[in-house]
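Next, two complexes with chain A in common: one pairs it with chain B, the other with chain C.
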Partner chain A sequence: MSVRERRLGAFCAAPITLFLALGFLAPLLVVAAFSVMPSRVFDLAHVPDFSAFVEFVQQGYWKSLAWSIGMAAIATLILFVVCWPLAWAMVHVFGRFTQIITALVVVTLIVSENIRLFGWSLTLMKGGMIEGMWRSWTGAGFDGLLYNVPVIVFGLVYVYLPFMLFPLVQGIAMVPADAPHAAADLGATRRQVLLEIELPLASPGILVGSLLSFVLAAGAVAESKLLGGQAVIVISDDVETAFTYGQNWPLGSALAIVLIVLVGSLALFALARLDLDTVMGRAER
Partner chain B sequence: MPVPRWMRVLLGSYGVVIMLLLYLPLVAVFFASISKARYLSFPIRRYSGAWYGEALGSATVRDLLLTSLLVAAIVTVVSVVLGYFAALAFARYRWRHRRLFQKLVLLPIFCVFRRIVTNDSDAT
Partner chain C sequence: MNAAPILRIENLCKRYGDFTALHGIDLEVPDGEFLTIVGPSGSGKTTLIKLLVGMEQQSEGAIWLRDERLDRLPANRRPTCMVFQSLALFPHRSVGENIEFPLKIRGEKKPVREQRARELLDLLRLPQDYYKKRIDACSGGERQRIALARALAFDPEILFFDEPLSALDYRLRKTLEKELKALHERTGKTFVYITHSLEEAMVMSDRIAILRNGRFEQIGPAREIYTRPQSRFVARFMGDVNLFELRGGVDGSTLQAQGLSAKPDALGTLDIVADRHNTLVVRPERLRFLGPESAAEFIAVGTIAASYLLGSRVQYEIDAEDGATLVVESAAEAVELSPGAPVRVGFDRSDVHVIAERAA
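For the complex of A and B:
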């Protein structure tokens, strides 16, 4: 690596590094500083105490955190099970139809998350597309399907499907075509090929997909608001309330910091054993 | 390993079902938009395009749309420039902090942070 190449590399990386330092790191530090301020102050010129974290434990905000983390974990698991066969088929079965499926999935991303979730609201509510049609065909109605925990998990699965699907496709495509063949020739069953060849070799894709889905779902708020009603309060909801109606920035910051530390350490842990070059299918030279 | 026919059919139907589910809520929104009734209830009895006329004719909606488009245009230009050079640094050059750089750039993607850090209500 020449001096010129090194300089150019650092030079090209400078704008985004500066941008992230100002737009990502700086606000993060401000939030961290606010989280140790006394309750309901609006500047940082106070003696730090940890009252906001005490409040987190005593006022039961940890329950919202537990709901967020729990629902995100379940949604991630479901997403993996739902997306694996589709991703596998996109690599091995669909041929040119894979491009059509890719396009169809990407196009849904153009429509904002809120509108798609609102569409599910219209579909699942009492008098909505499903219940209304059912009633007009059979004469017997039922309660709407909204406002419970399973429908929130369903919403998470729906919204974050692309974030699991595409990394999985990438991961499965990384499995050398010879490996399953060789295993099958040596007498491995389909189950053994899946468990001992394909899953381990596709693990970078699985890791990225799971991490993305989990982290996004853990911070999600629209699903529980639009589909879940007040069935459960998620942590992002609490953060938003603390910052807006509550006018208690230190509390909001503390809640945010707890979530960030939890999810951030998970992300760092996973990122540490992941190399972008491997995911992009390029070996480090 | 050849994929047996029944499995191809099964996976194909599975793909179709997922795609249909992906678009179902948008179908609901579309039907809601052409329903005449103010309070929506399926099955829709009378259709009308009046809501579109109202939306297109409204000065407020036009203003909001223009603002959105303007913001989107600015964001696109800035992102392309920043992203282009970041990608260049990652893809073309081998330099000292390259590995650290790729991880740092990935970090904000995990954007539980994003919503909280910027405290913006529209990121939902």
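For the complex of A and C:
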């Protein structure tokens, strides 16, 4: 790379570097600093301690974290299983209809997540569309379908579907067209083609889709609030409460830092496991 | 070579909607033969290979492997194997893992697989340390050999090739053509090779089948197809050629064709068939320049239009008197003629092959 190219690269990256430094890194550092402040202070001029982290353990906030991580993991798994066949068909089967499906999925992103979730709330609640129709047909009602863990996971799957689907489509499109045919020609069954050829060659897409879905779902709050009610409290809910009603910035910061460190290291671990160049077959050795 | 056909294609027909890609073709391939199917793009050769390997199903007809209906087996259960045009190597696997793939699928243990892969590296003249090499670190020619090694690891009854050399540069292609022919002799396997390149076909094959518009135009040894083409299409497809079409009646003494004058009786001895469209085929190397005194049974007069040096030979294009263009090839040192020079060229009946086609 020439000196000129390097300078051009730095110049082109300057706006986003500045934006990320001010908009992402700076607040993060403030949050990190507050997380080691004593309880209920509103400035950083105090002797650092780890009381907020002790509170995280003793007050049972780790349970909220476990719920967030657990539901995000299950939602990601369901998303993969649901999206893989659809993505495969979008690449290999649907042809022109792929564009229509893409447009339909993108359209869902135009409407606010909260509004879409309220729509589900109206559909699933007691006296809502499903329970109400059931009652008018059978005469016997039930409690509605809201306020449980499965419905929260359903909400996560529903909201984060595009974030799994599109990376998977990209990943599957990256599988060289002849490779699955060649594998079958060499005797591989449909299952072996999937396991030996398609999944490994599509793994960059799988990884990106899974990371996006998992990270977003782990930090999600609207699904558990709107669909789950008080069935479980997720960690983001705790963070919000600590900063607002609780007026305990150090606690909120500590909870946020735990979530960020956990999700961040998971993401780094996953990305490091996978050498993108290896998978893409581009590296020179 | 065993004469019993290992592969038999019977009335094979493939239609896509209104379009017919293959019109009920028949073909028998003896065990151990190197058969090349040649055709221009759109001739149906890709369709044919897809039917052979099971990527498509035929509309009618049958494909037999010895006594077994090959076309009824799914692709992964066919005892045949194909080297793809793209080679279709697996970029996420090492060279060794690529070659071992069919053995892994069969459930062979790692030491057995590795031993076989290493034998195949030797057979394909690839260094042993390539076993752990990445596919993307290999050159085009090496990848070609890896793809071949992988196909041979499968130990197929028949090896199909779908233009695997088309992406390589000329010199490498020439080398690999000869290697492929040598490999065929070493392994004794049946090779069915598909290409649009006649040169490739001529160098390697025992027999050549010319495919055109979904029908076989001619099937035979390369030499026979070159010297005794059955149609003008095949004659032209096999390289530069002079075609003298006989128009109107043939009374035995004159030839109404492209300014050609023939000696009395010269035509009468040729295998001309009445009621057919007769064409005299004369290869450029069979036409010769005539001095003022020399004679030939068939003579044409014209001027040199252009000359091209082909290494040891020179090809001349001659504008004949009636506006036709003739092609003559002679040894480079034999004559030297500049464009515009008037020339007489001639040939004898022994230089002629007659094509008698049914009028379309």
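The working rule: the second predicted complex is superposed on the first by the 270 of 285 C-alpha atoms of A that agree within 3 Å, B and C clash if a C-alpha of one lies under 4 Å from a C-alpha of the other, contacts with A are read in each partner's own complex, and residues count from 1 in each chain.
Basically, a contact is a pair of C-beta atoms (placed from the backbone, for glycine too) under 8 Å apart; a residue touches a chain by one contact, two chains touch by 3 or more.
The shown structure was predicted, so the numbers you read here are calculated from the model rather than taken from an experiment.
A.B. asks: Quick one: chain B or chain C, who's touching more of chain A?
C.D. replies: Comparing touch counts on chain A for chain B and chain C gives B.
A.B. asks: Per the contact definition in the header, classify A:197: touching chain B only (first), chain C only (second), both, or neither.
C.D. replies: Touch status of A:197: second partner only.
A.B. asks: By the touch definition at the top of the document, which applies to A:189: first (chain B), second (chain C), both, or neither?
C.D. replies: The second partner, chain C, only.
A.B. asks: Contacts for A:120 in the overlay, against chain B (first) and chain C (second): which applies, first, second, both or neither?
C.D. replies: Touch status of A:120: first partner only.
A.B. asks: Where does A:181 make contact in the superposed view: on chain B (first), on chain C (second), on both, or on neither?
C.D. replies: both
A.B. asks: Mind working out whether A:242 is in touch with chain B, chain C, both or neither, as first, second, both or neither?
C.D. replies: After superposing on A, A:242 lies clear of both chain B and chain C.
A.B. asks: After superposition on the shared chain, which partner residues are touched by A:211: those of chain B (first), chain C (second), both, or neither?
C.D. replies: Once the two structures are laid over each other on A, A:211 reaches chain B alone.
A.B. asks: Under the contact definition given at the top, report the residues of chain A touching chain B in one complex and chain C in the other.
C.D. replies: Chain A residues touching both partners: 181, 184.
A.B. asks: Which stretch or stretches of chain A touch chain C in the complex?
C.D. replies: Contact set of chain A toward chain C: 176-179, 181-189, 192, 196-197, 200-201, 278-285.
A.B. asks: Where on chain C is chain A touching in the complex?
C.D. replies: 53-55, 75-78, 81-82, 84-92, 101-102, 104-106, 133-137, 150-151, 154
A.B. asks: Where on chain B does chain A make contact in their complex?
C.D. replies: For chain B paired with chain A, touching residues are 1, 3, 7-8, 11-12, 14-15, 18-19, 21-29, 31-32, 40-43, 81-83, 85-86, 88-90, 92-99, 101-113, 115-119, 121, 124.
A.B. asks: In the complex of these two chains, what residues of chain A are touching chain B?
C.D. replies: Spelled out, the residues of chain A in touch with chain B are 1, 5-17, 19-20, 24, 27-28, 31, 82, 85-86, 88-90, 92-94, 97, 101, 104-105, 108, 111, 113-120, 122-123, 127-129, 131-133, 136, 158, 161, 180-181, 184, 190, 193, 211-212, 215-216, 218-219, 221-222, 225, 236, 239-240, 243-244, 252, 256, 259-260, 263-264, 267, 271, 275-276.
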